[in-house]
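Okay, so chain A shows up in both of these, paired with chain B first and chain C after.
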Partner chain A sequence: MRFPRPPPSERAFSIGIPAMIWQVLFFYIPLLFIIVSSVVKVSETGAIKGFTFTMVAHFFTPTYLKVIFSSILLALSNVVICFCIAYPLAYFMAFTGKRFKNTLLFLLLIPFWTNFLLHVYAWFYVLENQGFLNNMLIHLGLIKQPLVLLNSIFSIMIMMVYYYLPFMVLPIYSSLERFNANLIEASLDLGATWFQTFRRIILPLTMRGVRAGFFLVYIPSFGEFAIPELMGGDKQMFVGNVVSQYILAEGTGSLGAAFTVVSCAILLATAIFFYWLMDRYVYVKVR
Partner chain B sequence: MLKFGKVGNLIFISLTYLFLWVPILVLFVFSFNTEGYPSPWSGFTWRWYEELIDSIYLWKAFGNSLIVALCSTLISCLMGVFLIFYAAQGGKEGARIGKYLGLFYGNMVIPETVLAVSLLGFFSLLSIPLGLATLVVAHTVLGLGFVVPIVYARFLELDYRLTEASLVLGATPTQTFFKVTLPLLMPSLITSALLVFIISFDDFILTYFCAGSSVQTLSLYILSMIRSGVSPVVNALSAVLLFISSLLVMIFFHLKTRSRIF
Partner chain C sequence: MRSIKLERMKKVINGGLIINDIELYIPAGKFFALLGPSGCGKTTLLRLIAGLETADAGKIYLGNEDITDVSIHERPVNIVFQNYALFPHLDVFDNVAYSLKLKKLPKIVIEQKVFKILEAFHLENHIYKPTSQLSGGQQQRVALARAIVNEPDVLLLDEPLAALDFKLRERMLIELIDLQDKLKTTFVYVTHDQFEALTVADQMAIMNHKGEIEQTGTPKEIYEFPHSSFVAKFVGTTNILSGTLHKLDTPDPEIKIPDLGSFKLYIPQKKSWMYEGCDILISIRPEKIDISKTEFQNFSNTLKGTVQSIVYHGRSTQYNVLLKNHTRLQVFEQNEEHFPQEVIDYDNEVNLYWQKENVVILEK
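After this line comes the complex of A and B, so read on.
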């Protein structure tokens, strides 16, 4: 038996609307604004003079495409490394080491919930010439001279993985937690190898978490500018660095906007492509 | 079940957690060092903690971060709850707002840097002076992207029979919302509030662009300290912040409702 629902009141509408107004006003309109300002020619007095694609075209040159490409590479390698660490860890927390899952999650969340600049600073201590890692390696007799670890792609990568790892672990863990472990047993009993079970049963059924992790890591690490700047010693240029330099410098605002739009469009295109790739190759068609 | 066996597991897990915790422990130990970065261990002292307590600018930045985080958490949670209230009027499926909810997932597809840059351009176009208010606005946008999806996902999981029972027994929709629906949503609401608070408090990218030159938050203060030859006061500060975040994580664990996004 179904009861008629009360008609939604107009008051309810007016109460629900502020969130949407806020979201549109401070999220979508600014995005629209930056897209528009990347193709609009503005005179010195601030009047709009017409449309131009020269600014956008300016960034389709090898120098800038290389910056965008290296950002994609950075973000992608970050995703892959995070995935390779996160999946076994999440698997351990969800099944094998279920007893310790609260402790492990607790220890994972504490660094995650402290200011990330402090992590950057902490890694300075570990990676510098006289730092913890070099001292340890010399002590163990593995190396004679301290290695130069800071201000390199290595230190950028370490910091990226360190910061983004929980973003990958948590969604994968939550999808594994809801995963029915009997399926694994059934698959193994029916003669599948461990790898087949993983490839055909576990991975496809936890794809929701993997996909969420992919977006949570790939998108922000593409735009990252603080980590490359602080850990890379300004040697490597990524999209975030170029954008922040253009935007914060005097008079190059619209160039910065144009570069933001160009790189963001390329980012979304690659994200959709990888998304499609995951969908295409993870699900195994049953014949 | 896993092929690597017990030893392999143990090695893998301990290496991962060493990776996560060694930097923090090193930082913590060196907060008691008499000499600053980058000199080796030379003796025990409480000096940096005393300096931490005495540094006025740092506490001012800390206060600013706290104000921004509290305001944006409050605003985004209030607006989020109101939005869900509106959804609750539409019946089980929240039919009337379901299609608009996609609006709030945009935050996940656009990098924070891009949002920050756009907001900066937007504010300067309208010639709104940058400061605490613009920071609160920006962080609220960030917060809505967490509150709405998390609370709405929980809302969809609720047993609609409870709401229906309440309506049939004569409660008005408003009463039903505040006495039945909202209490059931409370755990997920608190979880997302905690998340928004932490994210706003630790946020760097939005703050870096939208704070302007007059306001300093904790993140910006730490950045300036890292750039201008660091003093171990930062170590002492990180020990304090670690303590605070462990407390918050403990609260999070007591709620025992992990959000659906994570």
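After this line comes the complex of A and C, so read on.
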């Protein structure tokens, strides 16, 4: 017996099934575990003994809130710096450098070909006291004593921007690539300066890409623990470091889960706030 | 309302000479059409006037003011793009109000101006719609309204009707003519469509493939008295015959065409390049030739041929007549009657007649 072919919309759904199973098994169910274990009291033997909010409440103290706040600050500065570098670069790739756009895209993606840790070690050589940057600055006569660059917020920031930049460039580039250049000309022709054109036409019409870039950079940099750990030399504490310490230490797993839940809730709130902010102030309704 | 004057303009793009030493005067308050084949550089010329391109040499004057180095947003010139370039994130009102808001005019003045112009363009029911919900003709009118609400000295139109269907295009042409009449703004209309150019223009210029202006004049001058075979062929259809010039200094000059014979010409003014026996080209418009199976006497020129093909156009019929030197002549006859007295059919022997005054001698 032959079954009729399902209509295209249902076929698309069945194509997505393997990915959905994967996502549910390895993401949504573990996420549920984390949320549950953050509010469940467990005895020494592993039996569930009811609900408690003491673990969650434990983190509403200045020390931990400061960690969350500095993570937000780190992620936000990373986003802002990445945006300021990525937008002109994407603009150049989409308009001026059109002929070389494939080469430029290729160059942008080359860093992904080598392992992340190798990049970190390469930056050690650049930033250490006897490293490339200090040697060069001394050689040029700009400084006399080598600067302490490693293990600081500076080295963390450099590595963050270095690593996350492509995630900001690519979505902005893809929204600029489809941009009708006549719109820019029309705006200039109607009396707008270049800055007014950017503010009123180009930026609002590429917001989709900017927003995607924002989330691709903001959310992972909030939870980033490898870069602060390796480049910050234990001095700077961020959400990722706290979580990894709790989870990896003996017997504090549910505290780690609770802190994850707290910081995720705050992350979500800030993300929604920034989304609203972008929506509110980018689309200038002048009427 | 100001005139535009281009002085020895030159523009090179990617190593190719697009605009070749152009001198052009566009009179103030006139509807000026710039006609040329695709890729001849007419859009580039328009973009140079708008300030969207910078010239490699030459000067642009707006009235008496040299605007060669004035940047785009400071030129009192606005352009309507071929694809309209409406801002997709703004509604009709905000699109039209764009330039007024940049000028920081009071809100009430902006609203008055925008409502007035949208009413004039029959868009009062679409004021707060996103532009993507409008039809092609409506989008076209929004683009026009946006460009003229700013009251520019010169309005540039880059093939503005190319995307519209034939009927709508005809109606928009009439609307454009009325609009120009009312505003008295200088309009510069770029097109590759000779019908559009002839319809709208007070004055027009023809550009050739080399990026040069071939001829300027009124539509009638261009159509009836083309200077070159390029203009004669590009504007309308024509028959071009080549031969040698004879009896130049007599009252009855002639062209001698190999294997066809001699035909009378009318030369109102002798040109410096003409001499006895020189090679010349002549152009005869197909509608200026009469075709008949019977013989008539009172025409200056007569020729015999065989009808090779007949194309029925509705208001007229086109006959392609094979001559004895194996060239073909096109002839248009108005279809004036339902039941013509004389029916011309394939392979008929016919007589072709034309008056010497209707022949144009071309310079090249």
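Definition applied: the second predicted complex is superposed on the first by the 266 of 287 C-alpha atoms of A that agree within 3 Å, B and C clash if a C-alpha of one lies under 4 Å from a C-alpha of the other, contacts with A are read in each partner's own complex, and residues count from 1 in each chain.
One rule holds in what follows: a contact is a pair of C-beta atoms (placed from the backbone, for glycine too) under 8 Å apart; a residue touches a chain by one contact, two chains touch by 3 or more.
Computed from a predicted model, the values in this text were never measured in an experiment.
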Inset, instruction - Sticking to the clash and touch definitions up top, decide whether chain B and chain C on chain A clash or fit. - result: fit
Inset, instruction - Scan A:154 for contacts with chain B and chain C and give back first, second, both or neither. - result: neither
Inset, instruction - Using the superposition on chain A described above, determine whether A:225 touches chain B (first), chain C (second), both, or neither. - result: first
Legend entry - Which of chain B and chain C A:107 touches, first, second, both or neither: first
Inset, instruction - Considering only the touch criterion stated at the top, classify A:275 as touching first (chain B), second (chain C), both, or neither. - result: neither
Inset, instruction - Using the touch definition from the top, say if A:64 reaches chain B (first), chain C (second), both or neither. - result: neither
Legend entry - Lowest inter-chain C-alpha distance for chain C and chain B in the superposed arrangement, angstrom: 9
Inset, instruction - Using the superposition on A, tell me which residues of chain A are in contact with chain B and, in the other complex, with chain C. - result: none
Inset, instruction - Spell out the residues on chain B that touch chain A in their complex, using ranges where they run on. - result: 1-3, 9, 12-13, 16-17, 19-24, 26-27, 30, 37-40, 79-80, 82-83, 85-87, 89-91, 96-97, 100, 103-104, 106-115, 117-122, 124-125, 137-138, 140-141, 144, 148, 164, 167-168, 172-173, 198, 201-202, 204-205, 208-209, 218-219, 222-223, 226, 230, 234, 237-238, 241-242, 245-246, 248-250, 252-253, 258, 260-262
Legend entry - Residue ranges of chain A in contact with chain B within the complex: 3, 5-6, 8-9, 12-13, 15-20, 22-24, 26-31, 33-34, 37, 85, 88-89, 91-92, 95-97, 102, 104-111, 113-126, 128-132, 135, 162, 165, 170-171, 173-174, 181, 184, 194, 212, 215-216, 219-220, 222-226, 230, 239-240, 243-244, 247-248, 253, 256-257, 260, 264, 267-268, 271
Legend entry - Interfacial residue positions of chain A with respect to chain C in the complex: 180, 182-183, 185-193, 196, 200-201, 204-205, 283, 285-287
Inset, instruction - Using the touch rule from the top, collect the residues of chain C that touch chain A in their complex. - result: 50-52, 72-74, 77-79, 81, 83, 85, 87-89, 93-94, 97-99, 101-103, 107, 146-147, 150
